[in-house]
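Same chain, two partners: chain A is paired with chain B first, then with chain C.
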Partner chain A sequence: MNTDFINICLADDDEDDRLFFTDAFEELKMKTNVMTFNDGVELMDYLNDGDSILPNVLFLDLNMPKKNGVECLLEIKQNEKLNDIAIAIYSTSSSEEHIEETFVNGANIYIKKPSDFEDLKKILSEVVTINWQYHTSGLNKDNFLMRL
Partner chain B sequence: MKVYLKFDYVQLTKKIVQDRLSELGYKFNIVGFGEFNFLEKVPTSKMDELTSVFKEYGIDIVENQKSVLVQKIKDAIIEMVHSEKPLQVKSSVYIADKLNLSYAYLSNVFSEVTYTSIENFIIIQKIELAKQLMINTPMNLTEISIQLNYSSVAHLSTQFKHTTGMTPSAFQKIIQKRRALSTKNSI
Partner chain C sequence: MKYIQIHKSPLFLKIIFIVSVAVIFFIGGITFKHITVLKKSSHFVTNSHAVNTELERLISYLKDAETGQRGYLLTKDTAFLRPYNNSKDLIRDSFNELSKLTQNSRTQQANLKKLLFYINKKQNYLSKNIYITQQKNYKEADLSYNLTIGRQAMDSIRKKIDEMIITQKILLTNRQQDYDSTMSYTPLLIYLTLIVTLILITIAFIKMNRDLVLLRNTINTLTVANEASNLAEIVGGFGSWQYNIDSGQFTFSDNEYRLLGCAPQSFEASSEEFYKFVHPEDLQYVIESSKSVQEKTNLNPFTYRVIRKDGEIRYFRASGRVVTVASGERTHIGTTSDVTEQVYAQNYIEERNRELENNNKELTAFNYIASHDLQEPLRKIETFLSRLISKDYENMSKSGQQYINSIQASAKRMRMLIEDLLQFSRTNKAEKVFEPADLNEILDHVKQELVQVIDDKKGTIESQNLPILNVIPFQIQQLFTNLINNSLKYSKTDVPPIITIKSKLVSALDEELLPHNTLAHYHKIIFTDNGIGFEQEYAKKIFILFNRLHNKNEYDGTGIGLAICKKIADNHKGYLFANGELGVGATFTLFLPAV
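Our next item is the complex of A and B:
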């Protein structure tokens, strides 16, 4: 079996969405460490603390109080230390303009939040699996774009 | 007084590993550089101890033979995808021949370690190469589909959309905008 844990973070102000998310990972057969944050400020404090374990994939909700998803995305992309984290936008919006803008600003994945739990599990498993291949097979992360 | 040292890394590594293993009471023989064979079964708890002992010297134990095998499978796939000559045999036959092991076995080990299947990994690699060719060469999608052995350009487009969730042209557009943005920011 794979002995490496996949580190995952989620920043989302909606408590139900956070629960939904962590439950989905518990049911997947992957070794994951999932951490959640209630808003962008909490997330950035964690990422900027030198002792933190950085996630392999970070899921960002777009609408959050204090600091929203796009602000976090821009900050992360400007920080070389955080450049290696794959960023998945996790949002209810499906506006084409929004989606393209987040990709252009450096997001790797765009997920439209599903309402069904089984769909969520399928999507998360797909995202984490493909990200894992980028992480372990030396693929070029600049070309990693995925929309679900 | 200043002295200069000259090292023989091979000898050095071998000696360290030999000495520490004997000291800890293991029975082993040396198979080749970087490859040791334990004559008795080593429990997992002991492997952790060994890992930390060798860590001090900057020596990592690739304990998992399966990981080594998976790496060999990946190398074979990457070579296969990047080769410009069309494959004469099915990819499963090619990989099994290359590693001299049954495809069923390879396929099981691969899925267990990587969370994905060999078939899927081949698709990921092909789509990645298609992306590179798309943005870094003047080749058009039809030419790319031929080089990557797709039966048609439609087949490549469909697989691209299925793997990435976007069309090849949407992908290209985003990369171009990103590049324009980073040039603008660096001026």
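Our next item is the complex of A and C:
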């Protein structure tokens, strides 16, 4: 696999959302390699497999069956091999509790799923091109939630 | 003040008693002395008489002796010598008697000595004469000489006796004077002390009388108070008990028995008897809780169950404390109230409260989940719509495009509704953390948030210096945002909106808008705009959820924004009022408590 490609993973139980996600990256025509997983268990199985290519950015839906986004987040952050992955929470909810909880547990950015496809493309391109090192060092609760 | 206290105290009576006793002793002593003196004087008078009589008798015996001697001398008849011989013994006896009678007087004793000398001399001469005449040849001259001397001796005796009588008289007179002088002031003294005693006794009597009246009044008051307390116990449904800490004696009031369904005083008042009525499940608790009664400390109130004589279970509440009376005795007094109705009422209220709380929780959860979960499908509708429009809009028929636009507008409106509803439920749900916040800073944040709309409308926001208040900052920001947003939205199309915000501290009594029973002071913050306004009759309606004054084609909105404002004001124990004049503008008045 070409190292110029940005590896992106998405864990989301919603088929439509996975479709919007992959469509958006297709239309963006960026050098990205997108993988999707149907739930948290699938995602973690992949990440924990030693041969897997680890993603540069991981998009996590919160409300998933079997293993939800927060559980995945905790597991990843406790794993030394995985805790360098930039994690973007990707959820319908923008409730304070969810934002607070994921921020405290080490997520890098919080994205509320937009209701316009063009907005979605805009957000995803911005997130993928973020200089994570810079973003993470200046991270606080105010800029954690991604706004357009 | 101090005098009055002494006057009132029992000490006063004690002093009077002691003084009276002392006075009586004094009078008794005086009287005793007086009687003793009287007795002595009377004895002395008797003695004086006896001395006089004895002296008379002595001289008469001497005379008898002389008469007898003379008869013998004349007749030589020895029969005349009998009185003479008798007189010797009689004189001796009489003299001894005299000597005894006058033993207390040295003058008389001295006189007696001399008298004895003369008597002996006289008797010598008497016997000498008899002796001379018994001789055969006696000389007349000797006899006559002897007789002369005898007469002289007799004269001396008489003189001495007279002298003694006079001495006795003088002694008597002296004694009389002594006695008089002793007795003269005694009656006065007795009289005076008697008067003093009488006065003291009178004072004591008055004092005791007054005390008795006081005591009677106190007893009357106490009787009335007792009755009142009994009545109060019956009316108030409580009983009382007393426990004398020193004697260990219990007393129950009549109503204490009635509370247990028993006739007053129908069993002996004791904790053991009372425990028989306590519900077995509560008995241990009651015994534990009652320990303080024995430990002589105040009894903390506690509630327990009893089974009345008729078998009914009632809730009782006990409380008590230690009272120290004037005499220093300590008594534990307490009350027992039948709180069954209150307990039931409280249980009912608690149950209702729990129900309400649960209902409220469910409602909030329902509201939150509904609006949250509704967003998911809606978002997909919108996303698919946006994809449809970007990909296939051009290929659609005119009417198809129209329908797509309408669907998009409806979906957008639905999202707005859901978002506002979510906001509204969050206003309820969120934790209410009050902290001091500068309202000027909050207003600045709001201006930043609304900068796009303000610029679009060319609006101005003027504000005076706003206070620093203890509030829930993000809620107040929401309130300010909604009010300002509202004013901007309902501005006149041809006039740039001007919003003024004024603030002042007011007293609740001066504000007609405020209801009664509020806090004393409020910060009154007035938002005024020059927008389209509204008719005053709608002033209350605009705060009701989903209530709108305008068609959604003219102004978009959900009718939730002002309802949120109202709720936030409520959360702060404040008030929000609206005033409007159609075509002139609207005024929103916010009262926030000044603490």
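The rule we apply is simple: the second predicted complex is superposed on the first by the 126 of 148 C-alpha atoms of A that agree within 3 Å, B and C clash if a C-alpha of one lies under 4 Å from a C-alpha of the other, contacts with A are read in each partner's own complex, and residues count from 1 in each chain.
The rule is simple: a residue touches a chain if its C-beta (ideal position, glycine included) is under 8 Å from a C-beta of that chain, and two chains touch if they have at least 3 such contacts.
Just so we're clear, the structure is a prediction, and the values are computed from it rather than from any experiment.
Asks: In the superposed arrangement, does A:N33 touch chain B (first), chain C (second), both or neither?
Replies: Touch partners of A:N33: none, neither chain B nor chain C.
Asks: Is A:S52 touching anything from chain B or chain C once the two structures are fitted on A? First, second, both or neither.
Replies: Neither partner.
Asks: When the two structures are overlaid on chain A, which partner does A:G106 contact: first (chain B), second (chain C), both, or neither?
Replies: first
Asks: Of the two partner chains, chain B (first) and chain C (second), which one does A:N143 touch, if any: first, second, both, or neither?
Replies: In the superposition, A:N143 touches chain B alone.
Asks: Look at A:N83 in the shared chain and tell me whether it touches chain B only, chain C only, both, or neither; answer first, second, both or neither.
Replies: neither
Asks: A:W132 in the overlay: touching chain B, chain C, both, or neither? Say first, second, both or neither.
Replies: The answer is first: A:W132 touches chain B but not chain C.
Asks: In the superposed arrangement, does chain B or chain C reach more residues of chain A?
Replies: For chain A, the partner with the higher number of touched residues is B.
Asks: Which chain A residues contact chain B in one complex and chain C in the other?
Replies: In the superposed arrangement, which is not itself an observed complex, chain A uses no residue for both chain B and chain C.
Asks: For chain A, which residues count as touching chain C in their complex?
Replies: 16-17, 20, 23, 92-93, 95-96, 113-118, 120
Asks: For a test of understanding, state which residues of chain A touch chain B in their complex under the given definition.
Replies: Interface residues on the chain A side: 1-3, 30, 100, 103-106, 110, 128-130, 132-133, 136-137, 139-140, 143, 145-148.
Asks: Given the complex with chain A, which residues does chain C contribute to the contact?
Replies: Answer in residue numbers: 372, 375-376, 378-380, 382-384, 386-387, 390, 411, 415, 426, 430.
Asks: Sort out for me which residues of chain B touch chain A in the complex.
Replies: 64, 74, 112-116, 121, 124, 128, 131-132, 135, 163-166, 171, 173-175, 177-178, 181
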